[in-house]
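What follows is a group of structures, each given as structure tokens.
Both of the next two complexes hold chain A, though its partner changes from chain B to chain C.
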Partner chain A sequence: MADVPLSPTRSAAAKAGGASAWTRLQTNRNWLGLWFMLPAAGFLILFLAYPLGLGVWLSFTDSRIGRPGEFIGFENYAWLWGDDVFWLSVFNTLLYTTVASVLKFAIGLYLALLLNRHMRFKAIIRAVVLIPFIVPTVLSAVAFWWIFDTQFSIITWMLQGLGLIDHQINWLGDSTMARASVIFANIWRGVPFIAITLLAGLQTVPGSLYEAATIDGATRWQLFRFITYPLLTPIIAVVMTFSVLFTFTDFQLIWVLTRGGPFNATHLMATLSYQRAILGGNLGEGAAIATAMIPFLLAAIMFSWFGLQRRKWQSGGSDD
Partner chain B sequence: MTDARTSTSRMAVTVEQADATEGMDYLETRGRRLVNLWLPLGVIMVVLLFPFYWMGLTAVKPDGELIDLDGTFPLWTWNPTLKHITTLLFETDYPVWLWNTMMVSVGATFLSLIASIGAAYAIVRIRYRGAQWVGGLIFLAYLVPPSILFIPLAMIIVQYGLFDTPFALILTYPTILIPFSTWLLMGYFKTIPYELEECALIDGATRWQILIKIILPLAIPGLISSFIFCFTLCWNEFIYALVFISDASNKTVPVAIVTNFTDGDIFRWGSIMAGALIGSLPLVILYAFFVEHYVAAMTGAVKE
Partner chain C sequence: MASVVVRDVRKSFGQSEVIHGVSIDIEDGEFVVLVGPSGCGKSTLLRMISGLESITSGELWIGERMVNMAPPKERDIAMVFQNYALYPHMTVFENMAFSMRLRKAPQEETDRRVTEAAAILGLTPLLARFPRQLSGGQRQRVAMGRAIVRDPQVFLFDEPLSNLDAKLRVQMRTEIKALHQRVGGTTIYVTHDQIEAMTMADKIVVMQGGHVEQIGAPLELYDNPRNVFVAGFIGSPAMNFLTGVAKRNGAGMTVVTDHGETVAAPETPGLEDGRPVVMGVRPEHLTLTGDAHGFAAQVVVTEPTGAEVQVSARHGQDEITAVFRERVALKPGETIRLSPDLAHAHLFDAATGLSLRA
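Take a look at the complex of A and B:
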């Protein structure tokens, strides 16, 4: 706010002196802003806004790889409406997102609460917890691919050693197990991010609140429910919005572990659109699947954003 | 309630020694602490780290032991071998893939930093008409996932003649990075006092000089944070690299590991794991040096 008064004087001086167009381009606030914005705007318009629009347009055409398509109206969508595999992928995506997000949140919050305690080697433990998030998803997914191997799975070996099972488990080959396995891998990768960001939120909660409440006789659960949770809600809203968003549009983990199989049981909308558009060559149909994700994404963002924001008002937080 | 009573009696004894930062943790006995804190923490840490241990172990195990879980104890090896790693480095294109990944990541990160420094400065400090709206739009751009963009983007890449070149990735990655780093840098720029800029303006500095000589030196922690985060995101990117690159010599590590390591039906697990391990090392080393910046970047962007 402080430099606001500078601008009218400067532009007034420029007008009074009958400044050339060139000086105006250099000093006028709006033109100056435009120059500074140019590189970022260029990238985002060329490679983000334009493709977004083009994607929606493509979904109304019958484009194939190497052949520009023609406008065919809602034909792609009509076709998808009757396609069982598409609906299966919608179901899978919703299942994957819901289960993984809920568990990631629960475990992440628990881990954050643990890490917030006073303990020895705190810094090292916190640094180590974040490693699964640092390592590229594909590379850790490759490790899970080997861990979930049909014949040489170390988990099967451990479970057999403990006497819990007596046969091989087909981790990625059986529909239910494959779903559980990819969800597990997703949770494994997502928990550190949630835990560390929530920890940053927890550290801003003043300890005196807990002390005061304890003197008033609050139980541990009450401490959490009436102090930690309300103060943490804003950051939970943001973190969970991101988490839901990235889980919903996940591609790499599934592609490495199962490529959508067995029998499309783990196909998400993103992997299905890749399969149909790039491998199958039906760009229009793939684009329609990708476009169909947008309403779900908006709904997910609205839900986690407004759902959690309202609780913030209810619990008497500031209404900003 | 018995809990509360016993702890109050102990409070009188220990309150003097209690560290101010310790909070109320001293109210807990050692045994309870073991069960409530160290046990669950230990379990979670083991689960989080086990895949890396398994990755590392597989990378140094002889082939025979890899596919024989019953003959030898699989969680350890007494005959470590560097065979997988040497095969990887000298008999495959792995060094080329590492180089490609490095080049693409550095290129895309620098482009994004330049673009987002300009954008963040303009939004926060020049405050042209509509700056608030543009800030909001950039945040929305962060929410647009690559998995709904790759199909049209592939067409555009082909049209521009960029298909199967590193530029296909160097020019598209910034769309993922710019929204994030602009948002992060806006936060840092806001903390720099206006008075510094006003003085410089009075002394006749242009906006450009102010940005280069005053703002950027003061925002170095922010620049490091966003550099590290952008670099990590680039290294991590998969779907664009999978779709826009087809020639083996142009691939990045994540894509090559998944697509180029199978001889027909035989998976060369040793080499795959060695590749995954070596591919993660640059990021882990970078992370080890800049943990604080990394966490600041992650939480900073979320808090804004």
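Take a look at the complex of A and C:
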């Protein structure tokens, strides 16, 4: 602003004499910008930074529910370091996140490619794909609880009906089965988000690129490999970051289905933290478990941040 | 290089037929322009030749082979799209090398061909850029480079210049023509711009409504249009049309215009009196005359361009454009008399639109 000597605002400010904060606020764009930012910043501090700070602080105390604790340094962490259940939950979380994310990506991409093709009842099929995403998590978790019930499981019933098995399957009672079951439920729930987002990405790829590549001699696989996939990478990076974050911090599904059992085989860091802090009353220890998730989440975000940086081919002129 | 033969080709989208039996013979190395108004089926025909669109019926031959069923990659063609369709995530080099890469051609050969094509098109300094970092004209060149690297049997162009500004369009027109002379190769070029067609083509195919109206060399179409449509479509400013009825007047042929004037017309044997006709005269074949020859017209505007003067006038319902090399000073509203050069005038049957020339 200052380099526009004849601007009316500036001469008005000059007339007002010394630049008081108020006149500056009224006349200077940067100050005004700051002013507009304040509410958003306030919200962020109040609802993000404060709870986060408080959580980290609690992890360095021996707080219990109803009793403010004292600073005890890294004692909670030292205790967790030697705690097998904690390490099991770390392993479970990594396993859960990795397997579920990889499968969600594969299935989501496959569905998106399928839905992007011309077919009958396209709109209806797209709507159907979205259903798992719309159903509240707890509701779908309860549904899965029934599906995986030892006695009433519809899967067991169907397999028996087909004559493939003659016994009950203890879906959620056996460690391996329980892990597979919760991962399956998570995939069922997470796929639509990925499929629909990738579909949106696919639809931004101009059809003439495929035509040009076809004439250049590309096979179907080469079209995907050299056109679709590279053009889709930015959106894949975004959607998979979100997916990994959500899966890593998943709580509802596990809590309704298994509560971490059997024998902690499905305990994730989030459920273990809740169990220790709220049910067990050890706020400090629970906070330490939750805080231990932060490095993992940061790593995921950093990873995608570098992946997300505008690729060279995206920068430059804005016209087509 | 190869010849292309299109024989009674038809195309239907669902129930509606949009190409109604088109036949074209294209010789090896020829530069053929498909021209016609928007929506007449030029792109559809070109896409059928490229293999992007299936052929409903008829035959398509490229060289010695009937390729109706062959996928695009087996037809050995290259296509330049209206929006260029450059791969945005590949550099200019990678764009041009893409077909070679798919073919798993040796690196040295790829490098050689791309470098060669880039040199021809003046793209050498831009090889490392991405499409977004190029101007419209440069993108256009990359799209052509991609085609040249392929060294195909047939080059296909679909309105490649219509996204460029007027000046660049004229420049690229010359460049494409020069390129064809240098690289050779059978070329099929689609445009809706008859000037592009006239200036670039060895042979023009005029299309309308899914039909071929006429095929011929540019000047052949200009001098001997087969019907009113071609006569009006080819040439700028467009040919003038006077509507009226034929009347033999003593020894000479005349047309009595709807406006009631008797105008001398080219001699047309066997034309009976009273037949509704359209007389076509190009703007440069009208001369100002003082006597009773010709017909009267009211001046609407005059547009001097320096080299010539273009006059728009009205004769009854018919709009008349005349171009004079001499610097005439005419005022709007003024009545002038215009006399057609009978050697270059055309008579068309008003009902069928067909030329009545023997």
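We take it that the second predicted complex is superposed on the first by the 261 of 320 C-alpha atoms of A that agree within 3 Å, B and C clash if a C-alpha of one lies under 4 Å from a C-alpha of the other, contacts with A are read in each partner's own complex, and residues count from 1 in each chain.
Here is the rule we use: a contact is a pair of C-beta atoms (placed from the backbone, for glycine too) under 8 Å apart; a residue touches a chain by one contact, two chains touch by 3 or more.
Bear in mind that the values here come from a model prediction, so they are computed numbers and not experimental data.
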Winner by number of chain A residues touched, once chain B and chain C are compared | B
May I ask you to decide whether A:E211 touches chain B, chain C, both, or neither, giving the answer as first, second, both or neither?
-> both
Considering only touches as defined above, state whether A:V90 meets chain B (first), chain C (second), both or neither.
-> neither
Classify the contacts of A:F226 with the two partner chains as first (chain B alone), second (chain C alone), both, or neither.
-> second
Residue overlap on chain A between the chain B contact set and the chain C contact set?
-> 211, 214, 217
Which part of chain B faces chain A closely enough to touch in the complex?
-> 1, 4, 19, 21-25, 27, 37, 40-41, 44-45, 47-49, 51-52, 54-55, 58, 66-67, 69, 74-75, 111-112, 114-116, 118-119, 121-123, 125-129, 131, 134, 138, 141, 143-156, 171-172, 174-175, 178-179, 182, 194-195, 197-198, 201, 206-207, 211, 232, 235-236, 238-239, 242-243, 253-255, 257-258, 269, 272-273, 276-277, 279-280, 283-284, 287-288, 291, 294-295, 298-299, 302-303
Where on chain A does chain B make contact in their complex?
-> 1-3, 6, 26, 29-30, 32-44, 46-52, 54-55, 58, 63, 107, 110-111, 114-115, 117-119, 125-132, 134-140, 142-144, 146-147, 149, 151-152, 154, 157, 188, 191-193, 196-197, 200, 207, 210-211, 214, 217, 235, 238-239, 242, 245-246, 248-252, 255-256, 270, 273-274, 277-278, 283, 286-287, 290-291, 293-294, 297, 301
The residues of chain C that touch chain A in their complex are 50-52, 71-73, 77-79, 81, 83, 85-90, 98-99, 102-103, 130-134, 146, 150
So in the complex, which bits of chain A are touching chain C?
-> 206, 208-209, 211-218, 222, 226-227, 230-231, 311-317, 320
